[in-house]
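There are two complexes below, and they share chain A, which is joined by chain B in the first and by chain C in the second.
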Partner chain A sequence: MTSISLECVRKEYGSECAVHETNLEISSGEFVVFVGPSGCGKSTLLRMISGLESVTGGRILFGDTDVTNLAASRREVAMVFQAYALYPHMTARQNLSFGLKMTGHDTREIERRVNRAVKMLRLENYLSRKPSQLSGGQCQRVAIGRALVQQPKVFLFDEPLSNLDAELRGSMRIEIANLHRELNSTMIYVTHDQVEAMTLADRIAVLGKGRIEQVGTPHDIYHQPENIFVAEFMGVPKINILSGIVTGNNGLCLRLNSGLKIPLGGSQLSLSVGDELSVGIRPEDVSVGPDCSMKMHVNYVEQIGASAHCFGKTGDQDFRIALHEHMESSVGDQIGILLNPEKMHFFDASGERLYR
Partner chain B sequence: MQNSIFSTAREFARRGVQYAVLLAVACAFIGPFLWLLSTAMKSGAENIFESPPQFIPKAPTLENFGRVFESLPFVTYFFNSAIVASVAVICNLLFCSLAAYPLARMSFAGKNAIFLILISTMMLPFQLLMIPLYSIAVTLGLNNSFFGLIIPHACTAFGIFLMRQAFLAVPHQLEESAHIEGVNRFQIWWYIMLPLVRPTLATLAVFTFIGVWGDFLWPLIILDDQSKYTLPLGVNKLAGTFGKDWRLVAAGAILSVIPTIAVFLFTQRFFISGALKGAVKG
Partner chain C sequence: MPRKIVPYVFLIPAIMLIGTFVLLPMIGALAISFSEYNMIQKPRFAGFNQYRRLFQDPFFWNALFNSLLYLIVVVPVLSTVPIFLAVLVNQKLPGISVFRGIYYLPVVTSLVVTGLMWKWVYEENGVLNFMLQGVGMIETPIAWLAVPSVSLFAVMAVTIWTGMGFYMVIYLAGLQSIPGSLYEVADLQGVSKLRQIIFITIPMLRPYIALVAVISSIAAMKIFEEVFIMTNGGPLSQTETLVFFVYQNAFVEFDMGYASAAGIALFALTFVLSVLNLLLTRETTDAK
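Presenting the complex of A and B:
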């Protein structure tokens, strides 16, 4: 267990910058999730921490030790890969013990560590099977077990659940969360799945185009997004972003391109008439009622059990709302919607959050 | 119903044509071998050049095989060939896979240039190299020795190319995973990479064995001492010693190809698809 510091860490491939200067502090025993769309640099950042990828600039510290130029094998990290990376010619037991054997560990110590991992991950019945005889979930558990027996300072997970079906993903998520609770080790987890990020993380780092856009608790990331990118990336369905110009006759309003005006209420923002402004509101924060002046034309309804997601347009802007079970809607409906100023997120012309 | 009959008949005809073509190709390949076998089993009383040619011997006999053993120190030649071919195969597998691993998996300056130069040497025919090779061998005192016979086959550009391609196909994550676990490069090569490229090793073993076992020109150049002769030289001696007795030559040739067939049969179980099955997913 160790803390990790990234100081101005940068990665360039030729003239291409994969990760811009990044600073991040990860406390000892913390579970941090790197989340972002494909190609945002999250895996590259993880691989730099693991030592599998060199850094172009900056420093990586484990505790007080500078590991920037230390080989991966000497960093005392363990990594779980998306594609399992189990040795196909070895049984599950051999996969678990291989690294320890190669590094000259005592046979009894190997046995002890393997048995502990087997017990924790309930692998007893699969030990004599080869990876080709295991299911995806079993393979991934063996891969996690292989990381576990190393007793590393840091656990690194590179999209470990992406190859599993939805049900297995759910159960493996719980297993990983339990593992963290039990071991209390420093863990860094890369995913593009925001549900995994929200449910597993102590803190989430949202990455976009090689930069960390925001670091915070899952609650902060969802409820206090620092920019439009984070607001749009987190949340299903996506947050509604309405852009326009601030006008003011009777109180400040946001005038959309379609001419539609949204009252900004007592938003306590230092806004002036003529400012460019974007308002974000989560689909579940939109109120629905027949008397509301703002209308949404429903183009598509997605039933997901306890609730439904309605997709449509208000004016010329795409709009999404989440309906509760007792509310019904169908394609072609005109729904009256009300945007509660208290639930709105405000962003300036550059997409950065405006604080009240 | 009628449609079904037509489609069955069409399928039957299609299969018939397929099997006829396969049979013709198989005959073209196995025909010369069977003819050799037929010649070896014909007795001295039978004219092997009669017209029309007689494929099935009138009185099949194994006498010619016995005569081969009587006429020549065949067992000595056989063991000479076996030693040379076995050591050459082991050396080639070992050195080619050692040379190919860094070319496939490590980053260093000039890697591609080295590979290109290696590959380029495949364009040079042996006839162009044999004089300088012979000169080197004589200078080093390797003529008339098994060592001198083996050295040119101990590490080949083709072998390096083949192994490099095989190593390239192994998922990087396996190596990275081992690397993180603290496994060193040599251990990765030996315990992870080699078992995963077993089909390619088997292929290279067969190619090398066939090449060395059947090699005639280089042993002819490098060996003077008849006690060190390999089988091709021995079979050639049969032709020389007994003039036109092709029955004996055929018997010697049949005996000399048996190990090649045995090696192929032994290694073919490694030619399996899906050797990397279960390694990675996605």
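Presenting the complex of A and C:
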């Protein structure tokens, strides 16, 4: 278990910058999730921490030790890969013990560590099977077990659940969360799945185009996104972003391109008439009622059990709302909607959050 | 046309080609092996005489021994050394594809050219003697292809040199099918590069090793060109292999019946190796 510091860490491939100067502090025992769209640099950042990828600039520290130029084998990290990376010619047991055997660990110590991992991950029945005889979930549990027996300072997970089906992903997520609670180790987890990020992380780092856009607790990331990118990336369905100009008849309003005016209420923002402004409101924060003056034309309804997601337009603006089970809607409906200024997120012309 | 017949219609050209150039000659050879035939007079039925002759002929046993020796020496070398060559050229280094090309060059070079070139290399005043004398390993030049105890091994070296690139490419394909993440895990676990080759690369290449062993065994049984160009079977029949024995009897002695019987014996040996090939390939496919 160790803390990790990234100081101005940068990665370039030729003239292409994969990761811009990045600073991040990860406390000992913390579970940090790197989340972001494909190609945002999250896996590159993880691989730089592991030592599998060199850094172009900056420093990586484990505790007080500078590991920037230390070989991967000497960093005491263990990594779980998306495609499991189990040795196909070895049984599950051999996969678990291989690394320890190769580094000259005592047979009894190997046995002890393997048995502990087997017990924790309930692998007893699969030990003599080869990876080709295991399901995806079982393979990933063996891969996690293999990381476990190394007793690393840091656990790294590179989209470990992406190859699994939805049900298995859910159960494996719980297993990983339990594992972190039991081991209390420093863990870094890369995913593009925001549900995984929100449910597993102590803190989330949202990455976009090679930069960390925001670091915070899942609650902060969701409820106080620092910019439009983060606001849009986190949340399903996506947050509604309405952009326009601030006007000022009878209190401040946001005038959209379509001419539609949205009252901003007593938002306590230092806004002036004529300012460019974007307002974000999450689909579940939109109030619905027949008397509301703003109307949404429903184009598509997604039934997901306990709620339904309605996709449509208000004026020329795409709009999404989440309806509770008891509220029904179908394609072609006109739904009255109300945007509560208290639930709104405000962003300036450059997309950065404006604080109340 | 009935649908069931259509596939067979498409097969006709291939069947005709194989039939004309492979099956018919095979059946012809089998028939001739039971006769005496010198290509001028009509074949005369001789029963099992040619086979009886064959098993009593010390030159046949010598040729068989040489072919098997070829098998025993060449196959292990060609099954193992190209693995390391493939590992070497599989590195991501600038200009590595040039090396791959150079190693593959002997494969695409005509065996006649290769044979002639090596004949010069092996000459008493050739490059090899010049180099060995230069580093002080030998005092007087050796006639590599003329000394009975050495000549067969000198020819084997050429076969190895020629085949190395081909088998390297097979192993290279095998290496590139091994996911890089397996080595990354091993790196993180602190497994040394040599141990990675022994415990990850070689086991993962097992199906390819089996394939190379069988292909190179069959190739070793069919060795002819190198012998024909470099030694013509000499000195003292020391480099005479089975195929060369067949050639010698068929096209120098014009003893077609006897040559065919030797050819059938060679076929039987190669058939065993082919069956082995089939079984091994099936086994590795099942394992996958």
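The definition used in the following text is that the second predicted complex is superposed on the first by the 356 of 356 C-alpha atoms of A that agree within 3 Å, B and C clash if a C-alpha of one lies under 4 Å from a C-alpha of the other, contacts with A are read in each partner's own complex, and residues count from 1 in each chain.
Everything below uses one rule, namely that a contact is a pair of C-beta atoms (placed from the backbone, for glycine too) under 8 Å apart; a residue touches a chain by one contact, two chains touch by 3 or more.
Since this is a predicted model, take the numbers as computed values, not measurements.
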Chain A as common anchor, with chain B and chain C clashing or fitting: clash
First, second, both or neither for A:T199, with chain B first and chain C second: neither
Touching partner for A:P131 - first (chain B), second (chain C), both, neither: first
First, second, both or neither for A:S50, with chain B first and chain C second: both
Which of chain B and chain C A:N163 touches, first, second, both or neither: first
Partner chain in contact with A:A83 - chain B first, chain C second, else both or neither: both
First (chain B), second (chain C), both or neither touched by A:G99: both
Chain B versus chain C as contact partner of A:T247, first or second or both or neither: neither
Superposed model, chain A: greater residue contact from chain B or chain C: B
Footprint overlap on chain A, comparing chain B with chain C: 50-52, 71-74, 77-79, 81, 83, 85, 87-89, 98-100, 102-103, 132, 146, 150
Touching residues on chain A, where the partner in the complex is chain B: 50-52, 71-74, 77-79, 81-89, 98-100, 102-103, 130-134, 136, 139, 146, 150, 162-163
Of chain C, residues touching chain A in the complex: 179, 181-182, 184-192, 195, 199-200, 203-204, 206, 288
Chain B residues touching chain A - in the complex, by the definition given at the top: 171, 173-174, 176-184, 187, 191-192, 195-196, 274-282
Parts of chain A lying in touch with chain C, wherever the complex brings them together: 50-52, 71-75, 77-79, 81, 83, 85, 87-89, 98-100, 102-103, 132, 146, 150
